[in-house]
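Right after this note come the structures.
Both complexes below contain chain A, partnered by chain B and then by chain C.
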Partner chain A sequence: MKKKSNFFAIIMHITILLLIAPLLILVVWSFSRSWSWPYLLPQEFGLRGIMHVLHPSSRALKNLLFSIRLSMIVTIITLIISIPAAKALGVYNFKGKGFFKVLVLAPIIVPPVAVAMGIHLTFIRLGIANTFIGVVLVHLIPCLPYGIRILTNVFEIVGESMEQQAKVLGANPIQIFLHITLPLIAPGLISAGSLVFIVSFSQYFLTFLIGGGRIITFPMMMFPYIQSGDRMMASSYSLVFILATLVVLVIMEKAIKSYYGTKNYFYL
Partner chain B sequence: MKKLFVLLIVAILTMNLFGCSQTTEASGEDLLEESWESILQEAEGTEVSFYGWGGSQRTNDWIDNFLAVRLKEEYNITLNRVPMNIDEVLNKLLGEKQMNVMGTTDVVWINGENFYTAKTNDLLFGPFTHKLPNFNQYIDADSVEVKYDFGFPVEGYEAPYGKAQFVMVYDEARVEAIPQNHKELMELVKNNPGQFTYPAPPDFTGSAFIRNIIYDIVGYEQFVNMEADKEAIAKEIQPAMDYLKELKPYLWRRGETYPATIAQLHNMYADKEVFMTMGYNPNEAAGKIATGEFPETTNTFVFENGTIGNTHFLAIPENAPNKAGALAVIDFILTVEAQASKYDPNTWGDLPVLDNARLNAEEREVFSNIQIGKGALPQDVLLEHRVPEMPANLVPIIEEIWMENIL
Partner chain C sequence: MNKTMKPYMMLMPATIILLGIFVVGLTMALVQSLGYFPAIGLQEFTLKYYREVLTDHRFLASLRFSIWIAFVSSGLSVIIGVLLAYSIMKSKQKKGLEEIVYKLPVIVPHAVAALLVYNVLGQSGLLPRVLYTLGIISEQSQFPALLFDRNGIGIILAYLWKGAPFIAMVVYTVLSNINDRLSEVALNLGANNKQVFWYVLLPLIMPSILSSFIIIFAFSFGAFEVPFLIGPTTPRALPVQAYVEYMNPDWGHRPYTMAINMILTFVSFGFIWLYHRTFKIITKYNGGA
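Presenting the complex of A and B:
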């Protein structure tokens, strides 16, 4: 028995190491002027990458804050749309439910790139290309499947019995939603919100096409450096990208948990 | 009732899609009739969106820290740099043209095949260069490099921005003698197998290396007016293909694979996996020494018969929202001050486009006072060893022949 748990501990530590090591290399590269064969560690360190990201003239931090705001708005709208849709799919029985469950995943199955050009033309007609609203709308496309699918599973577990109980006791629909449904699905909201935020935050192509250069997000500044192979710049940007995502996710989780005083009923 | 309501909403939404397409009035033509003073007046205090490749920190910093700052002081223009690859810009412009709407791009950094695509699809505004005072004063409008872009007539639809030239980059610590021509390169590579390679086309720099080898072996004059006929080209460049085939087994990993991009080759060079790299910007190596990416012992050279040079340009899209601002920005880039600052290896290190003969003594001194960086060749050496690019439509054919014969 003892031996077996040791074995699993080793596997676990190796797995964690494999996940963390690439991130560590990113940190080292952010500060390495040169790191050539045959040296195990960089011979020269520098701050060029980080200084560029932090310097106001590069507008990197300004765009980072803008990106976070954009993705937060996308996340909130996605959740607002996802909750009723997920409840319908998770709780109610209706004709063609299985079909709709698959249909919801369509934006992931069909790559957005394939339909993006058409969307762009439509958005130009509607006058929302190159605008903030246009970018928010187009971000909803890859985000909604994640939001709806995760919350569908949550509703399947939670069911409707609690809400019916409240209804029997005379609560109105708004009271039921605020005091019964939301606290019940709060842990699911955290996971769905986190994933949706990440999906929106890392969108590159769709933002590019619909934003038309008017809307500049953080990944749009990061990608050219990754493409051109400037490893110090690319690593510095990636590092800031990862840290920003982590901070936002932790804040989001803390906020929702403290508001609803949720304990971990289940974690998805 | 409910159904009717849903139907109504669907109908309204669909109407929207087919209905209102905004069209824009073509204000551009009148602009070129106006005097330069009134154009400047119109440009004052506006915002100009500058679209171009954003993969070089030094280029980005020059635009952000010099160009944007000086434009603000001079004309109160806010420069908005948008890092976007040129094919994405073209796609966007094509889409916008199809819908006939106002765009968001005021100035676009362009050349070669992309200019050819843009101009043949009527995406560009112009001819405008004759309106720019600095163009008229400093640029030799009759020189081949201003008149033609990869063999395609410019006709005033783009203004020169800077000059680039192909150079070979090597590590002095590991390469004893620099090869003067393709024969010496072959010898060097055979003596040091696995230490040299080039990016596979369609990488821009790898493609330029192959054209350079072709020039070095069969000369370049016959290509200037050559038809884009694959068989004729294949016959003409056969000796160069034979050369590359002979070279292949001595390349990095025996030529079984090639780096896909110049960025990969640069990183391989920085990691000391190979002893040479190459570039289409003669000061790039100096810049990379300064940032510490390349070793201190890095230097550049050109073949004795010359290397390919080209000019990169700035154009204004037909549907640009702020053409007056765009004209003011492009004119400012053609000042001695801007070109000299751009040439300074401490900022960007891009070769100037101004005609030396048109500069007065004082202005010439501004340029000669700039210390070129370590690892860069002086401007006169480069200009003496400079041969023009091939017509743009031959380039993809040569890349195709390379893929069929060598890869």
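Presenting the complex of A and C:
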């Protein structure tokens, strides 16, 4: 028995080490100045990469804030659209429910390349290609399935009984939504919001094609460095990207929690 | 509000977005792939572009390559992910850092995962350096080219690094919600740990394993970033090939590009259908559990 659990502990630690070690190497790269073959550690440490990303004169920081704003807008719109849709799918029975379930999940399965190239010309004709609105709209496609999926699961568990009680007691629909529904689904909102933000924030191809080089997000600034194999710069951008994601997720979680006072959850 | 209309009203905004962008986008791609593209004067429906695509060796190589990457990376992700989730549950002194740390890859974008693989396994990456220091290889080029290679090893590893923790996260959530008594009853009746895993736990986590498998499979089959960054140019992964064709300035080439996109879509749907079939068979086998 004892041996067995040691065996699994070893497996767990090795796997986690293999997952985390590359991230640590990334951190070392972002703080290195020169690190050439075949040295195992940088010959010189430095802040050049990080400074390049964070320095006010570079466009990177401004771009990071722009990307966060874009993805926050996408996240909020996704949640607003997802809540009623998820409630319908999670609580009610109606004709054609199967169809809607498939429609709502299909964007996870169908390659975004096909959808983006198919809609591109339409977006150009409508004048929303190369615009902020166009990019927000196209980001909704990969985001909605995750938002609706997670919240549907939540509504399936929560049900409608609490809301009906409030209604019997004379609450109006707005009161019911604000004081009953939202607090009940708050944990689900945190995990759906986090995932949707991640999906939108790391989007490259859709932004690149529909944004047409006019809408430049942080991943688009990062991409060329990875492509050209500039390890120091690419690692610095990636590190800032990951840290920014973590900060946004923590703030989002704190904001929703402080508002609805939910228990401690760590959703990622 | 009319009671029967209510769910439809609630689904309306999501449906409008999905129909207006997703379905219209796919329809446009389909129509163009069939040769109807009035913008350049093509008005006749034809299957000739599909014929052209399906007889092109380069396309077939890309298709094989993408299916290979998707299968191997998602298969390995499931095995390692389930093992990781089970190990975390089994190792008693849990609730530590491990429970949070393994989720980190989930928030890292795929492009960065490609960079990580490049940092570690590229021919000037850290692993070749270690091997050089240990005297196992005497120069960079002796380390096998795992990136930009025809087997897609680098791509597979990048997807694996993203996929395994994702599977582990899903499976761990389900595992920790399964009542301990089920395992205890089985143990009491004389089952060993292995039997408990195969006959009690695995059937219970199977649905979530399958649905998350399909998500990462479809993703690795249809995503552009990783194979674009660390993949070979022959054969190119299918989404990269589609993009290269799309960038062709000759619009007459569009129907051909869209035929590639549609085949990409059909194949994805084919796999989903397959998945639903196996899912049905498995749930039937388990008595609908």
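Here is the rule we go by: the second predicted complex is superposed on the first by the 233 of 268 C-alpha atoms of A that agree within 3 Å, B and C clash if a C-alpha of one lies under 4 Å from a C-alpha of the other, contacts with A are read in each partner's own complex, and residues count from 1 in each chain.
Just so it is clear, a contact is a pair of C-beta atoms (placed from the backbone, for glycine too) under 8 Å apart; a residue touches a chain by one contact, two chains touch by 3 or more.
Fair warning: this is a prediction, and the values are worked out from it, not measured in the lab.
When the two structures are aligned on the shared chain, A:W37 is found in touch with chain B and with chain C. In the superposition on chain A, no contact is made by A:Q164 with either chain B or chain C.
When the two structures are aligned on the shared chain, A:R231 is found in touch with chain B and with chain C.
When the two complexes are overlaid on their common chain A, residue A:Q175 makes contact with neither chain B nor chain C.
After overlaying the two complexes on the shared chain, residue contacts for A:I25 are found with chain C alone; chain B is out of touch. For chain A, the partner touching the most residues, choosing from chain B and chain C, is C.
In the superposition on chain A, A:Y204 contacts chain C only, with no contact to chain B.
In the superposition on chain A, contact of A:M117 is made with both chain B and chain C. The interface of chain A with chain B overlaps its interface with chain C at residues 37-38, 117, 121-122, 227, 229, 231. On the side of chain A, the complex with chain B involves touching residues 33-38, 44, 46, 48, 52, 57-59, 117, 120-122, 124-127, 130, 208-209, 212-214, 216, 220-221, 224-225, 227-233. Residues of chain B that touch chain A in their complex: 16-22, 49, 51, 53-57, 60-61, 64-65, 68, 82-85, 88, 91-92, 95-96, 98-99, 101, 103-105, 261-264, 266-267, 270-273, 291-295. Considering their complex, residues 4, 6-11, 13-15, 17-19, 21-30, 32, 39, 80, 83-84, 86-88, 90-92, 98, 100-112, 114-120, 122, 124, 126, 128-130, 132-133, 140, 161, 164-165, 169, 193, 214-215, 218-219, 221-225, 228-229, 239, 242-243, 246, 257-258, 261-262, 264-265, 268-269, 272 of chain C touch chain A. Interface residues of chain A facing chain C in the complex, by the touch rule stated above, are 4-5, 8-9, 11-13, 15-16, 19-23, 25-26, 29, 37-40, 80-82, 84-85, 87-89, 92, 94, 97, 100, 103-104, 106-119, 121-122, 137-138, 140-141, 144, 148, 198, 201-202, 204-205, 219, 222-223, 226-227, 229, 231, 234-235, 238, 241-242, 245-246, 249, 266, 268.
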